[in-house]
Amino acid sequence: MSWTVYLSGEIHTDWRDQIIKGAEELNLPVTFTSPVTDHDASDAAGDVLGREGDSFWRDHKSAKVNGIRTRTLIQQCDVAVVRFGDKYRQWNAAFDAGYCAALGKPYITLHDENIVHALKEVDAAAMAWAESPAQVVDVLRYVITA
Amino acid sequence: MSWTVYLSGEIHTDWRDQIIKGAEELNLPVTFTSPVTDHDASDAAGDVLGREGDSFWRDHKSAKVNGIRTRTLIQQCDVAVVRFGDKYRQWNAAFDAGYCAALGKPYITLHDENIVHALKEVDAAAMAWAESPAQVVDVLRYVITA
Amino acid sequence: MSWTVYLSGEIHTDWRDQIIKGAEELNLPVTFTSPVTDHDASDAAGDVLGREGDSFWRDHKSAKVNGIRTRTLIQQCDVAVVRFGDKYRQWNAAFDAGYCAALGKPYITLHDENIVHALKEVDAAAMAWAESPAQVVDVLRYVITA
Amino acid sequence: MSWTVYLSGEIHTDWRDQIIKGAEELNLPVTFTSPVTDHDASDAAGDVLGREGDSFWRDHKSAKVNGIRTRTLIQQCDVAVVRFGDKYRQWNAAFDAGYCAALGKPYITLHDENIVHALKEVDAAAMAWAESPAQVVDVLRYVITA
Amino acid sequence: MSWTVYLSGEIHTDWRDQIIKGAEELNLPVTFTSPVTDHDASDAAGDVLGREGDSFWRDHKSAKVNGIRTRTLIQQCDVAVVRFGDKYRQWNAAFDAGYCAALGKPYITLHDENIVHALKEVDAAAMAWAESPAQVVDVLRYVITA
Amino acid sequence: MSWTVYLSGEIHTDWRDQIIKGAEELNLPVTFTSPVTDHDASDAAGDVLGREGDSFWRDHKSAKVNGIRTRTLIQQCDVAVVRFGDKYRQWNAAFDAGYCAALGKPYITLHDENIVHALKEVDAAAMAWAESPAQVVDVLRYVITA
Amino acid sequence: MSWTVYLSGEIHTDWRDQIIKGAEELNLPVTFTSPVTDHDASDAAGDVLGREGDSFWRDHKSAKVNGIRTRTLIQQCDVAVVRFGDKYRQWNAAFDAGYCAALGKPYITLHDENIVHALKEVDAAAMAWAESPAQVVDVLRYVITA
Amino acid sequence: MSWTVYLSGEIHTDWRDQIIKGAEELNLPVTFTSPVTDHDASDAAGDVLGREGDSFWRDHKSAKVNGIRTRTLIQQCDVAVVRFGDKYRQWNAAFDAGYCAALGKPYITLHDENIVHALKEVDAAAMAWAESPAQVVDVLRYVITA
């Protein structure tokens, strides 16, 4: 059986690459999916439909176009990994976690220890909390091949 | 018909009271529900089951006990209002918004303009964005009685 | 048992009043619900959240606020009546019919014979097609009290 | 991952061909599905089961046979594109949009600006509004490959 | 707690009355619901919408109107009792049983021993098989008040 | 796209073979599935788990084992064809039709005209009524390839 | 708001009474529901439908009759409490816990520490683990009234 | 069609191997899936995320990691086989059975006759009870290929 794993959240570090590479090295039968991770492209996702002058509606339009991708990929995944960085508020990551929880999709959070308290509700509904991409790979390896 | 409105998110200002008072003055047929809004009580929700030494597990235990309340009330509401303050990361509010979105529950966000960009995914899945409790009351009045 | 009947669609004639009056005369245990039927109020539903300059976004904002009401009432109804007039395109009425169909909510269409061909998909998924409010009342009477 | 896109609505112009050709030129991994787009064949879909004398029932019978195809394809698609032309009432297109909305399927509307107001409820529940097939292709390219 | 029990199937004997009377004598907190049990009225349910010449379509129209009632009541019941008499084919009773099974609604079959083999699939998905209305009342009494 | 069609009901004539052969001649991309159609094998399905003395329980046991197959195949099909012969009561066929209706699976009934009245509820929830296997093949050809 | 709490599991000690009494003393707005807790009555639940000679089928019949009650009450509860005693295997309690988990119903386990390891999967899907009825009452008080 | 069969429960005897071998000898088109069956590995599943000092939380963490695998595989299977040995309490097996029941997944229990009474609720919701792996293979062969 092949697994599909959605990688949600922070887009400013290379955590996705580390997980993907780690899984490849172990030959795990996993297909990884992600939101668009190019920040500028993501912000401009709706511009092709006509550029908005008002920044709220530009964001709205782009967020909805991005939503076509993210909702579909979340609904099709077997497991999600939701990454929170220290610097940003990443409400979209928490939103994805809530979305997974309501659908009954298992998800793993990936974040440092110093934001544990602020993430307690998100972690409480998760199946695991990892502090490093290597730990995520270990969990995937175990879950998929053990 | 009576409506049930769940008030999710920030617990450090009196936005809930303003909405409740505003709805009462208009005699709107609304029952408001909320998470536990006493910060210390919420953090200690699991302590009655045995105090944990490890802070991650104390948080985990309390967040799950709180989850009995919050999931049930979200599932029973007709509409949710999700409030984001400027100061905190309030990932639980974004989590609730994602949970509502997956269930098809309409929700209204309540936040200042300066965090619009960071909240674009959460707002894009919302039915309305309000900047003040008075606006929320106006929307409820319209939706319920117009 | 009391029934809830949602009256969707055309807002320029008094068909809702005729059905409500007809049901009252028969003392049917029915609660009727409706979208906001004041055209101008409906178009302005989002203005309280800040008036938009762009007409597409004004419509968008108002339609979403109206959606809080209409989705909730459709989900709570037992039966819907969907009315199509001759003059307007009433895509929202057809949208509501499709929404009911996907939810498995039974609905009755109400329209003249001359638009039967254009409405064939909407009628095919309906439980009944009525040509007058009096016929709708007859069907409700039979369904509820027979 | 391969995507399935359902092309709903107007059948009198070549908008489907334009989208399909555009996607082929970009080698997008998309399978397109459609209702039967031959108007006469569609109207006659039920005739094989015995031709009806009454036109309402002929329409009813054909619309149900067509429904076997359209419901199945909508349920299996990842995204729908719903096209409204200027000339016809296309209630079936709005019906499909409502059906998608209730199922949580993302859809893109495709129509000219002059019918924006009449389509406000349908657009408000859509993930995007496009004015040309080329824009639809752009959105698909972004959503699928970005 | 009050229970709602739907009484489906055969309409030519007084089994419904026996169950209702039996439950009343025990003061069971039960609301009983039923399809329309007047055979002629049921066959004519659609006539108010215009009498059909073709008997297939007359049946079709009436069956759909009756469906507004029966689907709604089945979806709202806690338990169904499905009665099969010896003389008729009562495919509608078996249809209701299948409908209940797919919804996860528990149902009790009520029929004589001589048709056990023909009903084996329907009985296999039932929670109980009773041979008399008195037994149904006994089961309800136990289930509700024990 | 390949379609899966479940052939439910009567097992004493060769209607399944006719449909399968007809579809093969047209090269329709259809996979057909069926319940076990060997009457004796079906009645004995549970015997491997220990033969029951009591005929009710033997039937019960076998019907449940058969149910593993039939429920799974119905849930996986795109369309069902439900066949009623003249001679038998085939309550299992009507049960399957009700099961499909509750799941929102489209189904086609296949039966002679003389049992139209008794099947009116089953036909009213169907997408089409065919009188011959050839008509079923025609409908499948149209629905799948038109 | 009033809450409904289902008390599942062990029937040989008075833990249900303790919880009910505790909730009454605090005037909690809770309705408690339970399976039939009279062991002999529960084993004999199916006898009214004809006593079986074979003990497997007697158990089967009674368990199904009991299932009418337990499934309905579990589906209607807001929260379940699942009690495991030390002496018995109480597979039905674990079955109820799995049933709740799949439905997304929050549940609290109630058991001694010495069986923690054997119950780890059941506890991992629970929202809380309590060791005494008094703790359950404390959690309910907090969740419902805080 | 290929079937997926999940093998839940007891991990101390070779019943899984017997079923898999039996199915292979018959060339059944079945993919078998299982929880992690290495007892120590399963208990340590969460250790990679940081070893817990408290045994409750170690169990909790491991059970959740195992849950990523088991929930996903149960949701993807067509049929489950749930094995109860004589010696252990295997609450996780009963939990899986309840989970299957709520999802409408058919399952077969596999256990000796001496624990029939204690398993009556679990057996009552099952589609079959087998006493040996060979019987399970027989049922699968029949269900899949007959």
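Order of writing sets the labels: A, B, C, D, E, F, G and H. Residues in every chain begin at 1.
The working rule: contacts are C-beta pairs under 8 Å (C-beta built on N, C-alpha and C of every residue); 3 or more make two chains touch, one makes a residue touch a chain.
All of these numbers come straight from a predicted model, not from anything done at the bench.
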Topological distance between chain C and chain G, in contact steps: 2
Pair in A-B, B-G or G-H that repeats B-C, with over half of contact pairs matching by residue number: B-G
Distance between chain centroids, defined by C-alpha means - chain B, chain F (Å): 49
Centre-of-Cα separation between chain E and chain C, whole angstrom: 31
Centre-to-centre distance between chain G and chain F (centres being mean Cα positions), rounded to whole Å: 40
Intercentroid distance (Cα basis), chain D paired with chain B, Å: 37
Per-residue overlap in chain H, given as positions that touch at least 2 other chains: 64, 67, 104, 129
Chain B - residues contacting chain H, complex: 52-54, 57
Contact set on chain E toward chain F in their complex: 55-56, 59-60, 62-64, 66-67, 70, 84, 88-103, 113, 115-125, 129
Footprint of chain E on chain G - complex, ascending: 31, 33, 36, 38, 41, 45-46, 48-50, 61, 64-65, 67-69, 71-73, 76
Chain G-facing residues of chain E, complex: 1, 3, 78-79, 104, 106, 108, 127-131, 135, 138-139, 142-144, 146
